[in-house]
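Heads up, the next two complexes both have chain A, just with different partners, chain B and then chain C.
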Partner chain A sequence: MTTTPTAVGTSRDRRGVAGTVPATPAGRRRGRAPGASRWAAVGFAAPLLVYLVLFYAYPLWRNIDLSVHDYTIRAFVQGNAEFVGLEKYAEVFGSSVFGTALWNTAVFTLVSIAFQYAIGLALAVFFRSGFQLSAVLRGMFLVPWLLPLIVSASTWAWMLASDNGIVNSVLEAFGIGQINWLTSPDTALISVTIANIWLGIPFNLVILYSGLQNIPGDVYEAASLDGAGPWRQFWSVTFPLLRPVSAITLLLGLIYTLKVVDVIWIMTTGGPGNSSTTFAIWSYREAFGTGQPDFSPAAAVGNVLIVIALVFGFLYLQLQRRQEES
Partner chain B sequence: MTVMIRRRPLTRTWWKTVLGLIFTALMLFPVYWMFNVSLTRTRDLRADPPHWFPWDPTFEGYQAVLAQQLPALGTSLLIGFGCVALTVVIAAPAGYALALLNLRGRRTLNFVLLVAQMIPAVVMAMGFYAVYVRLGLLNTVGGLIVADSTVAVPFAVLLYSAFMSGIPREMLQAARIDGAGAWRTFTSVILPLSRNSTLTVSLFAFLWAWSDFIFASTLNRNGDLIPITLGIYNYIGNNTTQWNAIMATAVVASVPAAVLLVVAQRYVAAGVTAGAVKD
Partner chain C sequence: MDHTTRRNVRLPLTAGFATVVVGLLGACSSGTDVGTDTETGDAAGGTYTWWDPYPQHDTSSDWASRVQACGEEAGVTIERTAYDTTALTNQALLSAQEGTSPDVILIDNPAVSTLADTGMLTTVDELGLDTAATDENLLAAGVVEGAAYGIPIGANTLSLYYNAEILSDAGVDPASITDWDSLTAALKAVTDAGHKGITFSGIGTEEGSFQFLPWFWGAGADLRDLDSPEAVAALELWKGWLDAGYAPNSVINNSQNTVWEEFLTGDFAFAENGTWQVNSAAEAEFETGIVQLPGRDGGGAPAPTGGEFIVAPVQEDTARYEVTRQIVECMTTPEGFVETANTFAYYIPPTAEGQEALLADNADLEPWVEAVRNAKGRTSDDLGTDYPLISEALWTAVQNALSGAQTPAEALATAQADAEAATS
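Moving on, here comes the complex of A and B:
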């Protein structure tokens, strides 16, 4: 792991193998001290199990509980909220925000990962070719990914400011008039998407680069002996061989992007109106974004978001399992 | 082969270096801009066109950071280290159990951990809020440490168990022959061998806790001790004119990221590719 950054597939491979191989030594151990090692295993895993129950299962359960009751801030403290069944879900699906949020979530997510992937891949291929300083520069590309999101988001907000933002100032030099990036309903979603693309490039670059490193060099030698130029080599060697890594990168990107709150909230708070409101933002705003917290619909939206994330999550796990088998 | 590649850049690929520098400059422009604005005088902030370079730098912004944000920086450090400690204490033994101790239900637990990483933070925040309201843990540093650690723990367990399952079994057998029990083997064989995994895990746990905004803004909104991310956020809300001070705070808040990148870049890359999860 430390010598070469393993590709996603490989590291999972190893884990998969670990699941089946240790039968021999463990079996022998069990023969010597029956039950002892199993109890040791439970003992070592116990903190994690307790942790998962207390800090994952319980909050998630409370979240479901919130969505099927009518929680006001008072009921929250007193704990006597009225049970309303699926009423809050019906409200959410029937709300005028639902369609907008669905559309915005789809656009934000798909456009983000498409550009992140394309740019990340282009850069990975570029850096793979090797030149002086390439390792240093590749390291510098990690910076946006490491910065706190609030730092990047507020920097982008200032750069995209209408009156004296640097972006408008540059565009002006090319004769393009002032664009109200964050304050116009037409461009707010585009603005947050641009910032999010920028944020996601490092992740895509690193994973795709390590995927490229796993493609053996002689494949390229063979291709170039066959007279394939760089362009041809990319489309008939690199791209097909990278497909498993690409699929995993895209799906992981999708799952992360679905849950993005910070960037959008800091730049536009989902506005103006609902023009950059995604499901995650909608949920956040209902619960915490206004002076009047409305936890029940927020929890309902949150649970809808979980379902969407899990659908793609299972797709991802499925894909990974298939790759382990092959 | 390597020799050929080494020799080539000097003669034929200098243009790639130039191109690479241009790409990097474009990519890092927002970071430069943050730095530039942090040094700009308040009266020049609204200049049109903006000043591309802080010819006449001011440190007002940084003075404001020192005057107002030191407690927030301290809180963030505390939360970061607390999160690292909690994560390692829970994840390292669990990784050992998953990878080497033939734990029952190992596959299910692996699956649960993978799924746990996909749950949106905003949902977790709401759940934690509901739990903390009753327990009186809202606006406490401890509560925030626990919430922040939920991002890192599943990742850390998977990373540990992936690494530990590669440890040669002969070493465990040797330890057992020497009379070491499971605990002794863990502390004197497994943990020292997993030093690099611990570094990667700690690095990410710290960075995620340091950068967290969602949990801080929901669980610690009215706390006496707010982390630096919330410090910046409140700044934006309070005085939109002093962007040099906001950006100065942002620069200071970026210092850990910069330090870690310089000191531990390979651990960062390793963490990202180990099927890393970050939102």
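Moving on, here comes the complex of A and C:
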């Protein structure tokens, strides 16, 4: 029983153990009651179940619990928070920040993934031709993914600084005046979105590139025999055949972007004022950004985010089912 | 189908990246790996637990041996754990929830009323400590409804650092800066002479409020009344500097550290910063000096106090308080205060006796002692746990006004409405 499959990662490893069990012992212990092997299966699945409950179900339940109680810090320490039902949600929806945060979250997320996807796809198609050095160049595009976020976000903040940032000094060299990228309410959201697009391109590039590898070369051969140019090939062959990969890339990108805190927090802390505050930033600020932690509204905002992500997840499943049917 | 393929392609890639990233992170973190992570559960027998926000002082530091010495004097061993400032408040709350509070915590002064409000701290009377000698303005940050919940172990505050070379180049005498008008005139003079004026921190966090308060209070404004004409005047002063080009636009996102880095470039005539930069200022490549932050119509403006309080969380075993009291007293004797001040180089003792002893050692700190005597606790005026809420409204107003989203008057009116809603 100690010969587990080669370890890949904690969760996968456990799933591997649980998965292989029913097959091997069943062969060895032939003739025993089926109940025993089922118990064995449960036994082997138990670590995974415990893991799921401990690290997925409990935090989720705790988050809901926080949001329906009034957890002031006193209540947090003394453990006697008053049950307030949906009052905290009403507060969140009625807050003056809600509209701004909703709009900012929508703009930040949609613009980010639109550009990440378009640029990632363009680069993936570009690298598909496999010219010399393409592997090296493709590797270089992954750098944003390798850098710790604190490094890349600080670098962006430094480049976009109003008075001595490199971006403004280039703009000034061309006679365009100083733009207060991070300190003007008109441009703060654009600035963090640009930084986030840059961060997300490698993810899109890698997934879409591997998706492209799945499209057989003879389809392209046939297309070119039929007289399709590169543009036509892209729209009639690449794009439709890439649709399943595109869908999952966009979904993952959406969920990932919805919950971005670090980039925005490091660059603008959601400011100036609330002009770059998204739901994720709002939630973080309520809980950890001020001198007085306010866990209940923070959890309520967090739950709103989870629901939004869930809606898109179901939308994806629906699309996938329809695709399989057709 | 493509699901498995994608995983096959990604696995080796991600594994490769993971190795690199882990390597990078390791390289980054190896330098900052300090502090003494030890068990913080129930201290057994002769062991007392101690938390402080100074991870820069490791077990071999003077500070750590000083803490240890106080433990030995009381006949016990002290188990010291250092946290980052914000993490310390959260850890303290969590430990109180679990019933595993340490015996002694050194905590940032605005957090004292927050912790006291949860009922997790003992009062100084319960512990049997004497606070009569402590300066009232400094002790005030730890007083909630008449009861003191801790003793300041030292205080720091803000002043206006200046670059003496730029001032002499522009023909400005630092002694002439006594009120807002003379400061603005000095800024005009240095800007006209081709230098940069002043830098400060208007960031959307507590630091932003901390830096704005001297101007806010210096105008005569009150934190309960954020949209008073005095408050508007203070915000208009900052906004006016930005509009006139005396202060850079980047102040909106500047942390206090960034302010100091900007000042050290030697381009800026003035920077608003704290006692903790005294050593760095002495090492700067140009001659520096400080003037008191001026009030609107002259005189020194009250700056907010910074610095840590020594507090004792409630313990189930009340027999422990006796030793805890001895440890706290060891840290708060006049000699103890001076030693703390010298260890950190930026701590002004909170008692008159301690201040005299410090000045006998180092007379250059005179202006800072003066500034600390004028300083005012942020949670004073019985604001207590309302302060963080008011402060958030205030820094948001500063951000909105400086960035041009609202006029100072509009921004402060919104802030007052928000603060009233949050504290009611």
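Going forward, the second predicted complex is superposed on the first by the 279 of 326 C-alpha atoms of A that agree within 3 Å, B and C clash if a C-alpha of one lies under 4 Å from a C-alpha of the other, contacts with A are read in each partner's own complex, and residues count from 1 in each chain.
By our rule, a residue touches a chain if its C-beta (ideal position, glycine included) is under 8 Å from a C-beta of that chain, and two chains touch if they have at least 3 such contacts.
Please read all numbers here as calculations on a predicted model, not as lab measurements.
Undergrad: Comparing chain B against chain C, which has contacts with more of the residues in chain A?
TA: Looking at chain B versus chain C, the one contacting more residues of chain A is B.
Undergrad: Does the superposition put A:79 against chain B (first), chain C (second), both, or neither?
TA: In the superposition, A:79 touches chain B and chain C alike.
Undergrad: Does chain B (first) or chain C (second) touch A:94, or do both, or does neither?
TA: Neither partner.
Undergrad: Answer with first, second, both or neither: which of chain B and chain C does A:206 touch in the superposed model?
TA: Both: A:206 reaches chain B and chain C.
Undergrad: If you stack the two complexes on chain A, which partner ends up touching A:163: first (chain B), second (chain C), both, or neither?
TA: both
Undergrad: So, A:142: does it touch chain B (first), chain C (second), both, or neither?
TA: both
Undergrad: For A:229 in the superposed arrangement: first (chain B), second (chain C), both or neither?
TA: A:229: touches no partner chain.
Undergrad: Given the touch rule stated above, what does A:185 touch, chain B (first), chain C (second), both, or neither?
TA: Once the two structures are laid over each other on A, A:185 reaches chain C alone.
Undergrad: Could you tell me if A:256 is touching chain B, chain C, both of them or neither one (first, second, both, neither)?
TA: First partner only, chain B.
Undergrad: Examine A:274 and indicate which partner it touches, taking first as chain B and second as chain C; both and neither are also allowed.
TA: A:274: touches chain C, not chain B.
Undergrad: Determine where on chain A the residues touched by chain B overlap those touched by chain C, and list them.
TA: 8, 76-77, 79, 142, 145-148, 163-164, 206-207, 210, 288
Undergrad: Which part of chain C faces chain A closely enough to touch in the complex?
TA: 1-2, 5-6, 9-11, 13, 17, 20-21, 24-25, 28, 86, 89-90, 93, 96-97, 110-111, 114, 117-120, 203-206, 248-250, 252-253, 385, 387-389, 391-392, 396, 399-400, 402-406, 418
Undergrad: Note which residues of chain A are touching chain B in the complex, please.
TA: Of all residues in chain A, those touching chain B are 1-2, 5-8, 11-12, 14-15, 17-19, 22, 25-26, 29-30, 37-38, 40-45, 47-48, 51-52, 55-56, 58-63, 65-66, 76-77, 79, 123, 126-127, 129-134, 137, 139-152, 154-156, 158-159, 163-166, 169, 172-173, 198, 201, 203, 206-207, 210, 217, 252, 255-256, 258-262, 266, 280, 283-284, 287-288, 295, 298-299, 302-303, 305-306, 309-310, 312-313, 317.
Undergrad: Could you pull out which chain A residues touch chain C in their complex?
TA: 8, 73-74, 76-79, 96, 142, 145-148, 157, 161-164, 178, 180, 182-185, 206-207, 210-211, 213-214, 244-245, 268-275, 288-293
Undergrad: Touching residues of chain B toward chain A in the complex: what are they?
TA: Spelled out, the residues of chain B in touch with chain A are 1, 5, 9-10, 13-14, 16-17, 19-21, 23-24, 27-28, 30-31, 33-34, 37, 45-50, 89-91, 93-94, 96-104, 106-107, 109-112, 114-116, 118-131, 133-134, 146-147, 149-150, 153, 157-158, 161-163, 165-166, 169, 172-173, 176, 181-183, 186, 196-197, 200, 207, 210-211, 213-214, 217-218, 221, 228-229, 232-233, 236, 243, 246-247, 250, 253-254, 257-258, 260-261, 265-270, 272-275, 277-279.
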